[in-house]
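Letters A, B, C and D name the chains as they come in the text, with residue numbers starting at 1 for each one.
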Amino acid sequence: MINVGIVGVTGFAGEELLDILLRHPEVRISYLSAKIDKPTPISQIFPRLKGKIDLVCKKPEIKEIVNQCDLVFLALPHTVSMEFVPALLRAKKRVIDLSADYRLKDTKVYAQFYKVNHKDKLHLNEAVYGLPEIYRHRIKQARLIANPGCYPTVIILSLAPLVALEVIDPASIIIDAKSGVSGAGRRLAESFLFTEINEDFKAYKVGVHQHTPEIEQELSRLGGKKIKVTFVPHLLPLTRGILATIYARKDKKLKNKSQNLINLYRRFYKKEPFIRIRQEDISPRLRDVVGTNFCDISIKDNPDTVIVIATIDNLLKGASGQAVQNFNIMYGFREDTALV
Amino acid sequence: MINVGIVGVTGFAGEELLDILLRHPEVRISYLSAKIDKPTPISQIFPRLKGKIDLVCKKPEIKEIVNQCDLVFLALPHTVSMEFVPALLRAKKRVIDLSADYRLKDTKVYAQFYKVNHKDKLHLNEAVYGLPEIYRHRIKQARLIANPGCYPTVIILSLAPLVALEVIDPASIIIDAKSGVSGAGRRLAESFLFTEINEDFKAYKVGVHQHTPEIEQELSRLGGKKIKVTFVPHLLPLTRGILATIYARKDKKLKNKSQNLINLYRRFYKKEPFIRIRQEDISPRLRDVVGTNFCDISIKDNPDTVIVIATIDNLLKGASGQAVQNFNIMYGFREDTALV
Amino acid sequence: MINVGIVGVTGFAGEELLDILLRHPEVRISYLSAKIDKPTPISQIFPRLKGKIDLVCKKPEIKEIVNQCDLVFLALPHTVSMEFVPALLRAKKRVIDLSADYRLKDTKVYAQFYKVNHKDKLHLNEAVYGLPEIYRHRIKQARLIANPGCYPTVIILSLAPLVALEVIDPASIIIDAKSGVSGAGRRLAESFLFTEINEDFKAYKVGVHQHTPEIEQELSRLGGKKIKVTFVPHLLPLTRGILATIYARKDKKLKNKSQNLINLYRRFYKKEPFIRIRQEDISPRLRDVVGTNFCDISIKDNPDTVIVIATIDNLLKGASGQAVQNFNIMYGFREDTALV
Amino acid sequence: MINVGIVGVTGFAGEELLDILLRHPEVRISYLSAKIDKPTPISQIFPRLKGKIDLVCKKPEIKEIVNQCDLVFLALPHTVSMEFVPALLRAKKRVIDLSADYRLKDTKVYAQFYKVNHKDKLHLNEAVYGLPEIYRHRIKQARLIANPGCYPTVIILSLAPLVALEVIDPASIIIDAKSGVSGAGRRLAESFLFTEINEDFKAYKVGVHQHTPEIEQELSRLGGKKIKVTFVPHLLPLTRGILATIYARKDKKLKNKSQNLINLYRRFYKKEPFIRIRQEDISPRLRDVVGTNFCDISIKDNPDTVIVIATIDNLLKGASGQAVQNFNIMYGFREDTALV
């Protein structure tokens, strides 16, 4: 049994982690903390957990975390995680960080998008970007996982085969993404009130979303060259799920080459337990992935253009599900243990 | 043309008032104010109004209101209205107050439910409860209208014929009401976030809702005796509308008397432009009243029990529509002017 | 391992059963059928099940069911189940019927509400009403379970302690219930279109809902006398969940007796794994039970009246979850096996 | 007063037309028909209209239409309109057709997308495409208006300045559009059930939507050359509104020319009463246009790419509002008469 802690258990990602880990046969949840005034039984914070777990949730303290955990999930706001990571690694703990703090290798870009200087360059390089489909072998050895953002997860998975195999013109990528409201976390702002979102739909942060550099960093690595994307996120009036519709022009050299793009994706993701490639005429829908760790992908192969449509549950494959998938890889458990 | 001002124009009720008054042929909107940092064109606050109205919205100041208005709608939070009313009445202005401040005649009850002592007992007695179907004649002469709450409007209209004509046992009234989220106003609280309300439903303030004494006060007046009700409000995952399902036992004396309750309602509300009595087997639905000033009512007449189901748009007949209906009565305009 | 079949697997209840049974460690799903044109892999009907189950779904045939199953769940429309049950019981199979066909002991009432004469009076008496909190001992021995309706489940559980212990006047029961749309099944009718239900709310079948006699039959058994109820169901614009708000007058003899009703409920349901009694001031909300087999109950104890508010997931405790709970009891498994 | 008829008044577009025309000061609604079994008062079909209009709705008959109307709105399914138009024009009536039957000038393309041969080539050429911002002068004289589709309206308005002024590479246009469910009409199909659409989101008809040729025909006319687009529509879980996010590469010649695209749009639509150009950093949202005839447009001018985001109410500017706008132009009324 691995002793596991969750720091930031009262946010959406933390709550989801708790639900998954409660059914993990190899996990003992040994520590829970959150930004709360006084120690409170977790079953009081989430009444539906009464009878399932007795732990008391406290304000986070490094010493307690170190004493009680083998591995810690940090489900903290961006810029807060890096205050915890150094001490945890020094104490020989393993860390899966769900924030953005260890995702961007370029600290200037981090400072530009997250409005604060990076405080832990020492461990930034060591951090492994936790996308199992790309970095599984490095994840196995990692002490520190930078768990990917929700948009980057579905977008990188959608584009990886096209970029890695040089099927498309990398300068032509357009990403039109749509996310449910839980993607913003449990944030108290007027724009997230029910009366603001119900029966409405809009784009936001057009061209300036903080996930853009994360997407570009990873696509650039995969493509072996600098890649820039056009990324427009939109806000759906529903709770969970992301659907990304991605457009790219084919590389000119390949236009006349006959190849089946769907088969190319199937081969690329052959052994992946959580990638499902759809048939050309069946577009994915949110409801087939919500509540699961799956990423569904369809590919429409037009003469000049490729259209890729993909879906995930932003709180599972886009956050806590993927975090547990990484955990399973780190400890050699079946990759889908506790995941649906 | 009447010069009309709205104080508190950025709340839901204020915004709705603005929309209605903009199409009122006898109104010149002469003044707009709200709790804002600096004077701002209203078309900047509500971009959809660009080209329709040029007025600048400011922090409210009694002097300006008095200079620029014949009548003022106060769309302010409870306990704030009574800070404005005395000065406005002294300056010979007419006031339609959408808050609860002048609805409850008993200041002890007011203090108990609104947690503050009443500061303007002088005008409390003068205030006319603005339910046109009951108090039309007094509204005509009024200087100060206490515009009814949303729940009380639909509930009193539903019960008035039964109570006034002594059809039911007044001790047996049970009111199970369901409201859309806009009923709570534009309030920034975690419980009103989209992610909290979407796909959820619950009762709230069971037996302690602040509209209970308002309902009881008016039913008692109609029935000529002290009436207490059981009132349980619920929160619907939709933006607009209230549906109340009301149960009462028939008065024993009347059980054997054959009378058609639907006809009784039709007679009671014969000339009312905004009351629609449904046939027994057609229950009202929210969508038939949302966006209108109508109150739809159905009556199910069982051997021992009467079930009344009624609907209104909480922001129109339940607030701003009714306020304009009162305004029309006060100035002798057709009662449905500017109302749908 | 028990060989289990589902007849009617493509409806909401059937699909939900399949999901639960797939994670049941003692079950081998051996047979699936539905009203379909030609045999089709279930993973083609529900693409999200790809890789989880290989079975082919066919038109139901008694002979095949008998050959391949130890126990069959019938998730069929009312009046269809009774065409299957006699042959299955003759072949010594156990049956859990999710339709209404074996719930009402009085065939005249059945004919009145379901518009068809009962065809299997022989087995009607043998059928055990599958509400474990009331009939657990009889369920253990049963060959044929009449799985309760969704409204009756939450309503009977809410009222059982009050009725059995004679706390209330049984003539005074008023049930105001609100259900999500999945309660109607996957029915193709204009009134269930998205554009009809979104942002709307209404009562339906006021006083004539087919679950009324089922509720009355069971309450009458519990109370030891004929009990009639007033039952008004409403349709919520959301997918899953039922909330019932129930009102009853206290029995006069008990008004002066001091007793704590919440404690009374806690004792009544002391060992029940799926009943959670809330504290007086915490009303249940749908989201705490959706996706689970729990029934949450709160009791508000007023001087003259009791208000009980209770919630279930209509497809789980209100249908398929309860069916599996019954299955677990029949075979001596832990009652919450495979249930959340 | 113009005598106006609506054929197909029970569909979404017909119902919306009725609401608008009821408040039109120059219109006498003289005829209503729909696919119904027997003549029925329209206030019985739409109970909320009780007291507002008395007309009886019947099965459509050419002779009656001709006798009672000066102008007819046809709100009929595609392929049905062309059975009515020839007789109406022969009888010297004016017709505004909301179906697709007279939009596509190429009958081969019509046959390909609507699966039926065109039956009225005679009047096809005469029909004027009813997009006032482009064809206002021809609309004034027209006897037969082909009222544009909902997607084409918002998309052509979004792209017209860029295409007409040759700002973009016309081969690079990508249209990612999202529509509310009412866009599909009052269609009884399983995929439009509440339980299918609620909390879901998906693309549909990827690359094969029947509005594609309509968009391409009009953009080609504006650009003076054959233009093909990539068009992917998606289905939003809400009732009303379309938001289109449109991407195009700038024409190479213009890349270095400094020009302000927002000003270019402002000039292009200078006198248009229903086009609102947003500031660069304010993306339009559905709620600002729902219930109105406005089209809101924002332009994001990147170095290589232009991103245009635009919104309309699919039933108003995308159907019935635009139809009345055309009607107003045809008869010389103020263009926004009866329109919000």
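Just so it is clear, a contact is a pair of C-beta atoms (placed from the backbone, for glycine too) under 8 Å apart; a residue touches a chain by one contact, two chains touch by 3 or more.
Treat the numbers as computed from the prediction; the structure is a model and nothing was measured.
Chemist: Stepping chain to touching chain, what's the minimum from subunit B to subunit D?
Modeler: 1
Chemist: Between chain pairs B-C and C-D, which one is joined by a greater number of C-beta pairs in contact?
Modeler: B-C
Chemist: So which chain is the furthest away from subunit C, centre to centre on CA atoms?
Modeler: D
Chemist: Where the centres are mean C-alpha positions, what is the separation of subunit B from subunit C, in Å?
Modeler: Result: the chain centres lie 40 Å from each other.
Chemist: Please report how many Å separate the Cα centroid of subunit C from that of subunit D, as a whole number.
Modeler: A distance of 47 Å separates the two centres.
Chemist: Give me the residues of subunit B that touch two or more other chains.
Modeler: In subunit B, residues 199, 237-239 touch at least two other chains, as defined above.
Chemist: Quick one: which bits of subunit D touch subunit B in the complex? Just the residue numbers, please.
Modeler: My answer: residues 47-48, 50, 199, 276, 278, 282, 288-289, 292, 294.
Chemist: Under the touch definition given earlier, write down the residues of subunit A that touch subunit B in their complex.
Modeler: Interface residues on the subunit A side: 12, 181-182, 186, 188-190, 192-199, 237-239.
Chemist: For subunit C, which residues are in contact with subunit B within the complex?
Modeler: 174, 176, 178, 198-204, 206-207, 230, 232, 234, 236-241, 243, 245, 247, 283-287, 290, 300, 302, 305, 307, 309
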